[in-house]
Structures are given as C-alpha cells and as structure tokens.
Amino acid sequence: MEYLIIIISAIFVSNIVLAQYLGICPFLGVSGKVSTSVGMSGAVLFVMTIATIVTWLIQTYILEPFGITFLQTISFILVIASLVQMVEIILKKISPPLYQALGIFLPLITTNCAVLGVALLTVSRNYNLMEGVVFAVASAFGFGLAMLLFAGIREHLDLMDVPKGMRGVPIALVTAGILALAFMGFIGLV
Amino acid sequence: MNQWKNFSKGFIKDNPVFVLLLGLCPTLAVTSSAINGLGMGLATTFVLVCSNMVVSLIKNLIPDKVRIPSFIVIIASFVTIVELIMEGFVPALFEALGIFIPLIVVNCIVLGRAEGFASKQSFISSLIDGLGMGLGFAFALTLLGAVREALGNGSIFGYKFIEGDAILVFILSPGAFIVLGYLIALLNRFKKAT
Amino acid sequence: MNLLTVSGSPHIHGDNSIKKIMYGVVFAMIPAILVSIYFFGLDAVKVLLISVIACMFFEWAIQKYLIKGPLTINDGSALVTGILLAFNVPSNLPVWIIIIGAFVSIGIAKMSFGGLGKNPFNPALVGRVFLLISFPVQMTSWPKPNPLFARKVLDAITGPTPLGNLKEELTGGRTVQDILEHGTKMIVDGKEVLYQIPDYVQELLGNMGGSLGEISVAALIIGAIYMLCRKIITWQIPVAYLGSVIVFTGILWLINPNIYINPLFHLVTGGLMLGVFFMATDMVSTPMSPKGQLIFGLGCGIITVIIRVWGAYPEGVSFAILIMNAFAPLINKGFKPKRFGEVAKK
Amino acid sequence: MAKKESSFLNMVITLFVITGIASLALGGVYNLTKEPIRLAKLAKAEKAIKEVIPGFDRLEIFTVKPANGTDSLVFNCGYKNNELVGTAVESYSNKGYDPTQIKIMVGFTPDGNINNTVVIQQKETPGLGTKMTSPKFKNQFVGKNPKNFILKVKRDGGDVDAITGATISSRAFCGAIQRAYDAYEKENKKIKQ
C-alpha cells in the first residue's frame, strides 16, 4: 500500500515535471519528437534508479554516521556525474543496441536536475532503500509520461501555424501550463 | 573587451532565462513570490561569480580531461557554502527554496559560464561576466516572481494591494509555466522592435 | 488543393461546414439553456450573455490587433465556447471572474495556438478548470434552483451539488445509505438547514444545485440526440465514455455499496452528460479515427471515476477530458485514419 | 602559463588537490555556520512556543506517549517564577488533503483552556485548506476549553466553523488539537506537581 501511494503520487499527483518543476530543460529541449522523448525517458529511468540507490547508500552509511551531511551536495553530484560516465562505458561494452538507443542522451543527464532532485528528495523524505527505489522508478515514469504527452502535442503543433510571437518555447510553456492545470485534477488521490 | 557590454548582456540580450532558456527549473519552482525569486537569483549570482573567478584563476592548472569534474567540484563547494550560510542566517528563505538551493549545482548557467566563458577568459572578465549573468538571472526571477505574486496573491514583495483573493493559479505550477511563456513571447516582440 | 494529404484535425472542408457544425451545436444547446433560465432566472441569462460577449470580443480583438489575421468571428466557434463556459460555472459567479474565464478560454487556450482547429485542449474546459483552481470558493458555491414560474422564498440561497455533498459526507465517515436517507445538516448563510440529495427524477429534470448547463440531463440528451442525427458528433466517444463510467462505478458499487454509490447517480450528476456529449466530442481536440475515439472515451471515463471517487475534487469530468485531450495526438499516432493511396512503410 | 597535460598522474593530482581544498574549505564554513544554524532552528521552535503560551522565563521540554498510538508528542512547559503558566504541545494530523503531515503547536493554560495555536507545517490546497493559518479560523479556538467546546466541525455535531470549501482540512486541524488535548489531559496532573 505504501508503495502504491508513492507510485501514484510520483506519477500523477506530484508529477516530477508538472508539479515539482524538475527536469524542465530536457522536457523542453528533447520533447520535439515522440521517439527521442522515449529514448530520453529510458535513459533517465536507468540513471535515476541507480543514482538513487547509490546516493541513498552514501547518505546512510557514510554521510550520516560520520556527521558530514554538509558534504551531501558535493558527493551526490560527483556520484551522479561519474555514474553517468560509467553507465556509458558499461553499456557500450555489454549492450551496444541499448547504448545506441540511450547513448546520446546520457551526457545530457548529468545536468538534468531531475536525477539529483529525486536523490535529494529520497533522502529528505526519509524513505528507506526500497521506498527510494520505488520512488525513483515511479518518478522516471512520471517524467516519461509528461515527456510523451508533451512530445505528442508538439508534433501536432508543428503541423499547425502557431502565431509568430508564440512559436517555439513560448507555446511549449503555455502547453505545459495547461497540462499542469489538467494534472491538478489528481490532487487528493493519495 | 568592453566590460560594460560584458556586464549588461546578461539582462536582455543574453538573458539566461528569457533568451538562453537555461536554469528553468529553479526559475519556475521558486518564483511564487518576488522575494523568493530575488533570493534564489542572488544565491545563484554568488555561486556564479565565485566559481567563475576560481575557474578563470586555475584554468591553466587543470588538465583538459578532468576539466568538467573539477568544475563540478568547485561549483558544488560554493553551493554548499551558500546552503550553510542561508540555513544559518535566512532560515525562512532557506525553507521556502527547499531542494532548489542544492540544485543550483546542476543549473546549466553555472557550469555553462564556467566551461564556456571563464575557462577561456581573464579573471576580471570572468568576474564581470558572472556578475552580469547572475544579476540578469536574478532580474528574470524577480520579474517572474513579481508578476506571479501580483496576479496570484494581489501583492508585490509582500505588500498587498488587493484585499482578498486573487487569481490563485498563478502561484501554482500551471501559472509558472504560463506566465514564463508569455513573458518570453513579450520579450521576443520587444527585442524585435528595438 | 492536394486531396491526398491528410493534415491534422479537424478536416476543414471550407468555411461553410464549420459554420454549419457550430450553429448546429448551438441549436442543440437550446434545451439546456432554457432549463438553466427556468431554474436560475435572470442570473442564468446574465452569465450566458457576459460569457458569450466576452468570448466573442476576445476572439475579435486578438485576431484583429495581435495576430492580424483573417477574422473568423462569424464561424460560431467563439459563440460555442462562450455558451459552454457559461454552462460550466455557477449562476451567481461574479462578472469579473466570468470575464477572466473567457479570456483564458479564448486568449490562452485557443488564440495562443493560432485559433480554431489548432488548439490541443478544449478552450471552455481550460477556462473552467483555471477558474475552479483559482477561485475555489466562488466556483463551488451553488445557488439553489428556484423554478421561474413557481418562485418561492428559499430557506437558504446556496447549497451543494449532490456529488459535492456526497464526497464530503463520505470522507466524514458516513455511509451512502445514511446520507441518502437522512440528508445533511449544514450551516448555510448562518442558518442551519437540512440538505437532502434530490431523487433521480429531480436530477434528470435538473432540479439540483450545480453549474448552469449541467443540471438537466434530459435537456442535454435531447440536444445530444439532435447532434447524433445531424451527424455533428459520432457515437464512439459518448458510448465509450458512458460505458466505462457505468462499468467502473458498477464494479465499485457491487464491491461495497456503503462507500460507493450506484452508477445511475454518477450518470445524472456532476456534468457528466454535458461533458460526454458537448465537450468530449469536440472534434478539434479529440482523436480522428473511430478506434482512437473509443480509446479516448474509455480513458475519459476511467479518469473521471478515479477523480470522483478518490480525488479531492468531487467532479472529474473537466479534468478527465483535458488529460485525454493531451493524449489525443499520441492516440492519433497509434491509430491513424486510413489514408488513400498510402504506401506501406518498410 | 602552459596548459597542464592530461597525463594520468596530472589528472589524479589535480582532482585530489581540488577535492581536498574543497573539503577543507567546506569543513571550515560548516564549523563557522554550525552555531547560527542551531540557533536559527531553536529560534523557530521558540517563536512558535512564544506565540502560544504567554510570557515565561523557563522551559521544560519532554516527550509523551499519547493514550493510543505508538507516536509521541513534544510537551513544552513554560514556567514563570517557577509557576506553570502554560504548556505548548506539538501535535499533528495525517488526515489533511495533502500527504504532508499537518503540524501544529497548541498552547494550553494550566486550567486546560486553549490559549493559542500556530500551524508549523501544512501543504493543504492553496486558497482553501491553507486558510487554516488565517486568524479568522484560528481565533475561534482561543480561550475555549475542549471539555465543553467540541472539537468537531459543526456539520459533524461540533462547535467549530469549518473553512468554506475545506471541511476535510478543518477536520484534520480539529483532530490535531484533540490529539494534543487528550495527551495534555492525561499528563496534566503530573505537570502541575
């Protein structure tokens, strides 16, 4: 039940992009096409889950016991940055097809604040390791859902002639706003 | 290089938010009021200026391949310093900004300026660039915060000019997206006119 | 004109057919308009007029001064949006709030995207949800219906909607049975009154608290039959939408009738009929192919029930349709309408 | 100055030195800010306590297990000249709209009247449930004794005027005060001694 609440909350009620404002840059930048947004979401799912596990372990077994939680930011970002590198190298070796699908998105993820954001939220909400993993996976799906819906709408808008002043980022933001408005209907589900 | 131009470009011409579209997460997240926007802007400015200065000072000491990790460590250190200072001295703001203070570390502006500007330019230029970009960022956040606060709460910097309720959506997430969208459209128009 | 390429929805055949459809929709809304005037009197007229005038004004002004494109004010789409927006708000809503709603509907949800046919979301619903979230108090204080020819002094001027009342009482720990039989004691305008959820006949006719256009199921169905006969709307979305609501709420009801009310109640309350026939069928923001429309309706039904039963808002129709509007392009991608002369992809 | 070469040794040394300097600097700043942070946290709690119980010069803080439940409540007893002037109880409710706990501080005078309440944390629906922090809602509790002031909204047969459109948040708020009062009643005799 606990897990179900975390999942519904992370995907619908407090969607990471539409309600928590995390991962906006890739949300706007890579969501032009449905296919690329799927690739990006896959990469985020991958990195976010591993990063949350590793940062949780670091927080619980290193930072807290030694009373050096003030090194949280610096250690988390270093972990994520090196993790992305490692994932890239390992993926290239063991699964070239997966690497081809996700590879180009991996470098973009280091500065995707959704990954660091979810790691920080996991710690600040006192989740245990399993809850953290569920939260990370659900958040990644929430990110994917928002990306996918958004990409669909943007592909549709590409066929329309949007007024000149609104073309590009402005109309994308307004669309995201309306999407966020619609998602507010889920308030109170958990 | 003309230092005045270097400084002022961050406000309109190369504004990090309105033109370069960098650092949009904190831009949207913390601007439910003007004061929060300003606080976040200034915190980012501090990190930007400090990291720009340090990076330009030691740019020649760092081998190319470990450039990015080194920059990240430097930036993360300054972010932590800001975090600790804010928690101690402006606890209310610290709580309002929440996880977006540590998230300054992944704000693309900071790493972008370190990598794209400070690692190539002189100390003074880098300092001024950081100051200009940071204040431009702060300006954008404060503007967005002021508009949202005015529409959503009927006040600016906490000073209430409408009694009672205003249009609540604007201090919630949909309002953040919508207001930023129209501000960018408006600025595009304004830029074309000049 | 190249007849072989299929552009995005809707398929504009010419100015005339849009006009015909739009005025057909307006004609279909007349019974519901009359019922709302019957129950809410001059207030209903006021809300309708202000909403329509404001929507048409914003459409005209934005096209003339901001977009500087051709004026399409006569195609009737702004008129439809105006009436639908009025249908979705309580009859005592302050004028300035209605005007904000009209501005959001036309300015943000429609004209920012370039006008009719380009908006991915239903404009009237965007306006409604925007107002609901911005002005929760004003948007959820409902005047009690007071029939025009049998006006009487009411013991309270405002009351809840049946769905709203049910939700608050259920979260308070009461059972469905208890609420339906004994009603609710509540303080309205400083006086203690007993609120009783109206019976199904009253709800069918429209004698219950609610927004202008949602109250009378009978009037909405008359309009819907007209639109179906004239082929202004197709059957797929309404059938899938209503079917999934009946099945979903039916299952819950069978599981535990103490906390889940029967499907009939869900059908006649909370603007479901208004949403199903007049807003979920909006051809601009819904999928094009019949299969896609079935999925669209199904999604609307499921989300509506989820929000109604477990969400914070008692009424889920508006949100459900907006969310499915967002899915429409993806559904279109998955279920493309057949194209003539299409070469199979390799 | 020539750019350093990207040899393995150079890279390791550089990273090592940078990380070392950074950690040292952070350690320093941490030590400098440790005290202000502690004081700021203390000030926040103290401010809430000061708002709910009248002038005191000494605080006694202890935790109490309420009658039913595994959780614990924090009691802050305020004394003036060694005489009890009020007790601030930190209480909560999980029954709000938002999953975030509603946390409140309730101050009781020694005879069990509610002196004042402060909302410490809430994330209720903006514009509706958030009005629980407004004086209009809060002031109806001031000076009331839960013994004869029923902590339920009026439609549930109580004495509390619910926030318009936010019955659930109002119920949660009442529940939190009730929890505090129940625990306070139980501990009252011990405190007075």
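Quick notes on this structure:
Labels A, B, C and D are assigned to the chains in the order they are written; within every chain, residues are numbered from 1.
Keep this in mind: a contact is a pair of C-beta atoms (placed from the backbone, for glycine too) under 8 Å apart; a residue touches a chain by one contact, two chains touch by 3 or more.
This structure is a prediction, so every number in the text was calculated from the model and none was measured.
Looking at A-C and B-D side by side, the one with more C-beta contacts is A-C.
At the centre of the protein atoms shown, by the Cα-centroid criterion, sits A. Rounded to whole angstrom units, the spacing between the C-alpha centres of subunit B and subunit D is 32. Rounded to a whole number, the gap between the C-alpha centres of subunit A and subunit B is 21 angstrom.
Distance between subunit B and subunit C, defined via averaged C-alpha coordinates, is recorded as 41 Å.
Looking at subunit C, one finds that residues 108, 130, 133-137, 312 touch two or more other chains.
Counting partners per residue, subunit D has 22, 26, 30, 97, 125, 127 as the residues that reach two or more other chains.
Looking at subunit B, residues 69, 73, 76-77, 80, 84, 165, 168-169, 172, 174, 178 sit in touch with two or more other chains. If you sketch which chains touch which, every chain touches every other chain without exception.
On the side of subunit C, the complex with subunit B involves touching residues 100, 108, 130, 133-137. Looking at the complex, you find that subunit C touches subunit D at residues 134-137, 140-141, 168, 171-172, 184-187, 312.
Here subunit D touches subunit A in the complex through residues 22-23, 26, 30, 97, 99, 125, going by the rule given at the top. Those residues of subunit D that touch subunit B in the complex are listed here as 1-7, 10-11, 14-15, 18-19, 22, 25-26, 29-30, 33, 35-37, 39-41, 43-44, 126-127. Residues 60-66, 69-70, 73-74, 76-77, 80-81, 84-85, 87-89, 91, 165, 168, 171-172 of subunit B are the ones that touch subunit D when the two sit in their complex.
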